[in-house]
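Note sheet for the following structure.
For clarity, chains are labelled A, B, C and D in written order, and residue numbers in each chain start from 1.
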Amino acid sequence: MNDFIFFFNQVVVNGISLGSVYALGAVGVTLIFGILRFAHFAHGDMMTMGAYIAFVLASLVAGLGLTLPLPTGFVVLPFAMVIATLIALGIDKGFYAPLRARGARPVTLLIASIGVTMMIQGLVRLFGGVQTRSFFETEPKGLIRIELPFEGVTRPISFTEPQLLLVIVTAIAVFALHFFLTRSRLGKAMRAMADNADLAKVSGINTALVIRVTWIIAGSLACLAGTMLALDVSLQPALAFNIVLPIFAAAIVGGLGQSYGAIAGGFLLGFAETLAVFNWAVLLRPFRDSFPDWFEIPANLALVQSEYKLTVAFVILVVVLLVRPTGIFKGASS
Amino acid sequence: MSLVELRDVTAGYGGAPILKGVNIAIEASDIGVIVGPNGAGKSTTLKAIFGLLKVQEGHVTFRGRDITNAEADRLVPMGLSFVPQEHNVFTSMTVHENLEMGGFTRSDDITGTLDEVYGMFPDLAAKRRQKAGELSGGQRQMVAMGRALMSKPSLLMLDEPSAGLSPRYMMEIFEQVARINKTGVGILMVEQNARQALAFATKGFVLASGQNRFTGTGQELLDDPDVAKSFLGG
Amino acid sequence: MTLRYVVLFGALFALIVGVGVLMGLPFTLRLLVEAFAFALIAMGLNIQWGFGGLFNFGVLGMLMVGGFAVTFMSYPINEAFWISDGPIMLGQTLIAAAIGAVLIVLAHKAHRVGVTGKLRAAGIVLAWFVAYIIFRSQMDPAASYILSEAGWVGGLGLPVILGWALGGALAAFIAFFVGKISLGLRTDYLAIATIGIAEIVRATIRNTEWLTRGTLTVSPIPWPVPTPQAWQLWGATTSDSFIYARAGYLALVVALVIVALFLIHRAYLSPWGRMMRAIRDNHIAAGSMGKDVKARQLEIFVFGSVLMGIGGAILVSFGSIYDPSSYQPINHTFIVWVMLIVGGAGNNFGALFGGLFIYMVWLLSEPLAQALFATVSNWSVSMGWHAIPDINARSVQMRVFVLGLIITLALRYAPRGLLPEFIRRDQ
Amino acid sequence: MSFDAVIEVRNVSKRFGGLSAVSNCSLEVARGSITGLIGPNGAGKSTLFNMVAGNFPPSEGTIVFDGQDITGLKPHQLFGRGLLRTFQIAHEFSNMTALENLMMVPPDQPGESLAQIWFKPGVVAAREAEVRQKALDVIDFLKLGHVKNELAGNLSGGQKKLLELGRTMMVDAKAVLLDEVAAGVNRTLLNDLAGNIERMNTELGYTFFVIEHDMDLIARLCDPVIVMAQGEVIAKGRMEELRNNPEIVEAYFGAAVEVTP
C-alpha cells in the first residue's frame, strides 16, 4: 500500500501539476494560432516574464511586512496578470501588428516571435539576474499531508500548497474559458474568427478587437502558468523556455487551434512524462514474495532515464505528427 | 438616390486591376444580377462594394454616402450584408451560433429576427443545435443566407448562391431571394446559372473582362440575341 | 546593386580593420575564424531556407553532431577502453539494435502477409517497444561498464580534417532521417518538429557519457594546423605563436568557405538552383512539371546540413573543447537565423555577409556592453547609489536583447535582407 | 475512335468524406483530338481532372494513359510519361522570370544534378544552351518576347495562362490537360491562346483535354465535347448537337425558373 501511495505522490500529483502548467500554456499557444495563424514561439518567455512580474510584486508586498494566509506570489497574481497582459498587447502592437498589416506570411511572424523571445530573455536576465530565486525565501512553502486511516499505511499522501493552488486555478481558468468561449458574445466572436476569419470579418465582427482579446487571454494565462510553475519549482530565467517545446507539443497533439484539445494534450504529455520516468520496480516490490526465487526485481525499471524526461514530449509529438498530423482533435490548418 | 451605386470603379488585389471602370446601380426594390464568363470580375464587384479588396479608382456609395474602401465592420451596421460563395458558414459552430454571429453588430434583441429566419428556413429550425459543418450544401447555403439576414440588412449581396446545388435547392434559394426582396431588401447577386437568374432579375449586368458589356432588365438581356450568343451558350 | 555589395563588404572590411587596431590581432583572428565558421553554417541554412523554403529550427543539433564527430575522430585513443570488454559489449549492443531494427522493419511490412489496419499499427508499436527493450538491455550494462572501467570510449586519433568530413557526413545522415520524417509537414509544424529533434539530439549527446563524456567535457581537441604550443616549440614568442597559429587556422577555414561558396553559388546559378527555386515558389506546379519534390527537398535539407555539421566541427576544433552543455538554442540556432534574415535569404553572399557581420556584432557587443554597464555603475556609485550587481553576467544578456531587436527590425524594415535575392535576367 | 484513346477513364468514382463528387464515370480522349469537358459548377469536372492529373487517387476505378494503368501515380510520374496539365488559376513560379519558368521544365537536365554541375560543367552548359534556345522559341511562338525577363508573378492573368501553355510545349507531351484556360483572359489574348492551342494540335500533334466554361472557346476548339452533371457523364457529341439537345440544355444551362419578382 505504501508503494501505491508513493506512486500516487510521484506520478499522479506530479502529472497533474505538470499537466496543468502545460495545459495553461498550450491554451494560449493554441488561441493565438487559431486567431492569428502563426506559432507564437515567444509564449514560453511570456510565461517567464509573468513569473518575474509576480516576483517583483511579491517582493514589494513582502517589504510591507504583511502576513497573508496564502503565498504572497499567489496573492499578487491578478495584478501581475494585468501588467503581463498590457505588455503582451504592446508586443503585438510593436512587433506583430505591423507585419500583419503588410500581409506577411505566418512564417515571418514565427521568425519575429523568435526575435521577441530573445528580447524578453535578454531583458529578464538583465533586470532579474541569472540566478535561481524562490518565492519562498521569506515564508514557508506549505506542505499538505493526508494520512490514510488504514492499517500498515505509514506513508501519507503529500503535495505542496502551490500544487494544490495550481490545480484549483487551472480548473477555474479552464471553466472560465469554456464559459467565455461558449456563452459570451465576444467568446463566440473569437471562435468564429478562429473558424473562418474572412467570414467573421464579413459578419461585421471587429477583428482588431478579437485580436486584442486574444492577447489579453493568452497574456494573462501565460502569466498565470509561469507564476504557478515558479511557485511549484523555482524561479529562473530559463523557467519556461525549457518547457515551451512540450507546450507546443501539447498544443499540436491536441490539434492546433483547439482549446479543449490543448488542455487534453497538456495533461496527456504531463502524465506521459511522469509515467515514463517513474521507476516501475517500486510497484513490483510488494509482490516480491510471489515471484520465483530466480527472478530478481531490477533496481530501475523506468521506461526512460530521467535525463530524457523532456524528450518524451517530442517523441510523442513526432509520432503524432506522423500518424495524425492534425492532432488528436482535428486541428486548424493555415 | 440609389441604394447602392458603383461609379467607374477600378479595383484589384494589387498588380493589374480586375475591374476596369464598372458602373452598377441598384434600388431597394431591385433584384440585381451580375452575369458573365469566368474571370469577368463578377465576384470582385461584390467584394469591392464590401471593402474586401482595394478600390483604386471610382466611388461606391450607399444611400448617397461614400463607402469606398470602408471596412466590413462599419458596413454591416449600415445595412449591407454579404454571402460569400465558399466557406460561408462557421463549420465548427452550431446553426444557432452561426445566426448569432450574423447579428453580432446589433445591440438590440435579436430573438425576433432569429424567429423570422427560422420561419423562413424551417429546415434550419430543426437543426439549430447541429454543427454547420455537418449540413448538406443546400442547408449550408440557407445558414449562410440566414446569417446574412440577421443583421437586418437593406442590401443583401449573394455570390453565386446556387453554386454546386441541386436544381431543387437552387429553385428554393431563388424563391427565398425573391421573397426577401419583397420585404424591401435590395438584392445584388452574382450567378453562373444566368438564364434562371436573369429570368427573375429586375436589373441585369453582363460583365466581361472587368467591364460592363450589357445592362438592362433581366428580360431585355434574355431577349437580346447578342447576350444570348456570347454568354448564355446559344 | 553592385554598389551595394561593394559598400557593404567594404564596410565589413573596415570594421574588421578597426577591430584589429582596437582589440589586437589575436582577438581579431579568433573572431574571424569563428565568424567564418558561422558564415559557413549560415550558408547551409540559406540552402535550406533561402533556396528550398525549408524551415529548420534544429541548427543546434547539426552543430552538436559535427562537434561530436570531430571529437570522436581526432581525440587520442583511450587504451583503457580498447583493452576492456567495452568493444565487445558495444558490439553486442549493435547486434541488439540490428535485431530491433529488423523487428521494426518486419512489423512495417506486415501488410504484405495480409496484416493491415489497426492490427498492423499495433504490431508496429509493439515492435518498437520490444526493440527498445532489447536495445536498452544491452546498452545500459555496456554504458555503466565502460563508465566504470575506462571512463569513456575516447577518440580514434585520426586527422582533424577527417573529423570535419565525418561531421558533415554524420549531419547528413541525421538530416536524411529528420527530413524523411518531417519534410512533408507544414512550415510551423516543421519548425517545432526540427527543434524537437534537435533537443532530442542535445539530450542524447549530453547524457551518453560513455561516448561523449557528457557534461565532463572533452579537451584538448587537436588542431588541423600547428597550435600555439607547436609554434612556441619552434621558437616563436608566446604572443607571436598565437598569431601564427590562429592565422593558419583562419587561412584553412577561409579556404574552405571560399571553396564551399564557389560550389554552392555555381549550383545555385545552374538548372539545379532554378529547379529548387521553382519548388520553393510552387511545389504543386513543380510536381506537375515532373520534378520529384519530396526527393529534391530531402536533397537540399541534407546538403544544407552537411555545411552545418562541418561548421560545428570547425568551431569545436578551434575552441579545442567539446562541451555538450554549452549548446543553447540562442547561440546556435536563433543567431544563425538572424544572420540569414539580416544578410538576405536566398543570396549566398547575403548569408556570408550576415554570418560575418552578425557574429562580429555578437562578439563585440559583450565588451561594449560591459564597458557601458561599468560606466553606468560607476556613475551610480558616484551619485551615492548602489553599484549594479553582477555586471558581467547581466551585461552579456544585453546582446541577446539586441539580437532580438535586430531581427524584428530587419523583418519590418528590410524583410528581404541587406543583400536581397537577385533576379536572373537573360541577356 | 475509341480504339486509339490516349486517356481512358474507367468507372471512376471519388468521394470526399460522405460527399460523392464523381460517381462511376467513364470517358475517353482520342489521340489527336481536342476533347472538351463541360458541365455546371459542382458537376465534378475538376475532381475528375485532378484524378487524371494525379493530384489525388480515385476512390474506385482505373485511369489508363497511353495503354498503361496510371491510377494513383503522382503528377511528377505522369509528367515523365507525357501527361501534362495547366491550372485554372495559373500556377506560375512567381519569383522567377518568364524565361526561367519555361527553362525549368525539361526533365533530366544534367544541370539538375550537383555532381554534373561540379564535375562536368561542359555537359551542363551545352544542354543549358539547348534548353534556352528551346525556351526562346516557345516565347516567340507565344509572342511573349517583350516580357521574357519579367517576373512571372508580375505578368497579367492572360500572360500567365500563355506561360502555362508554353510550359507544356517545352517537352514532347502526349496529352495536355487544360483547366479553364479562358478564365481571366481578355478576348484578344483569348484569340491568341485558342490559335496557339489549335496550332499545337494541328502542327505539333498535341492531344488536349479541356475543361472550359467559355462556350465560344469550346465551340471553336473542341470536338467532341463531354457533358458532366452531378458527378456523372450525361452526354458526348459535337457542340452543335449538344446545343440542340433540350435535355442537355436544361441540365447545363438550366430551364428558366418561373419566379415572379
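As a working rule, a contact is a pair of C-beta atoms (placed from the backbone, for glycine too) under 8 Å apart; a residue touches a chain by one contact, two chains touch by 3 or more.
Owing to the predicted nature of the structure, the values given are computational and were not obtained by experimental measurement.
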Subject >> Centroid-based (C-alpha) most distant chain relative to chain A >> reply: D
Subject >> Two chains sharing the most C-beta contacts >> reply: A-C
**OP:** Calculate how many whole Å lie between the centre of chain B and the centre of chain C, each centre taken as the average of the chain's C-alpha atoms.
**Re:** 55
Original post:
Just curious, how far off is chain D from chain C if you go by their C-alpha centres, in Å?
Top reply: 45
Original post:
So what's the Cα centroid distance for chain B and chain D, whole Å?
Top reply: 32
Subject >> Euclidean distance of C-alpha centroids - chain A vs chain D, Å >> reply: 51
Original post:
Is the way these chains touch best called a line, a ring, a star, complete, or other?
Top reply: ring
Subject >> Chain pairs that touch, as defined at the top of this document >> reply: A-B, A-C, B-D, C-D
Original post:
Which residues of chain D touch chain B in the complex?
Top reply: 40-42, 154, 156-157, 180, 182-187, 213-216, 230, 243, 249, 252-261
Original post:
Mind pulling up the chain B residues that touch chain A in the complex?
Top reply: 50, 52, 72-73, 75-77, 82, 84, 87-93, 97, 100-102, 104-105, 147, 151
Original post:
What residues on chain D touch chain C, complex-wise?
Top reply: 53-55, 74-76, 78-80, 84-85, 87, 91-97, 99-101, 103-105, 107, 109-114, 117-118, 121, 124, 128, 131-132, 148-149, 151, 167, 171
Original post:
For chain C, which residues count as touching chain A in their complex?
Top reply: 55, 121, 181-182, 185-189, 191-193, 195-197, 199-200, 203-204, 206-207, 329-330, 334, 337-338, 341, 389-390, 393-394, 397-408, 411-412, 415
Subject >> Residues of chain A that touch chain C when the two form their complex >> reply: 33, 38-39, 41, 95, 98-99, 102, 104, 106-108, 110-112, 114-123, 125-126, 129-130, 241, 245, 248-249, 252, 256, 305, 307-308, 310-311, 313-315, 317-318, 321-323, 325, 333-334
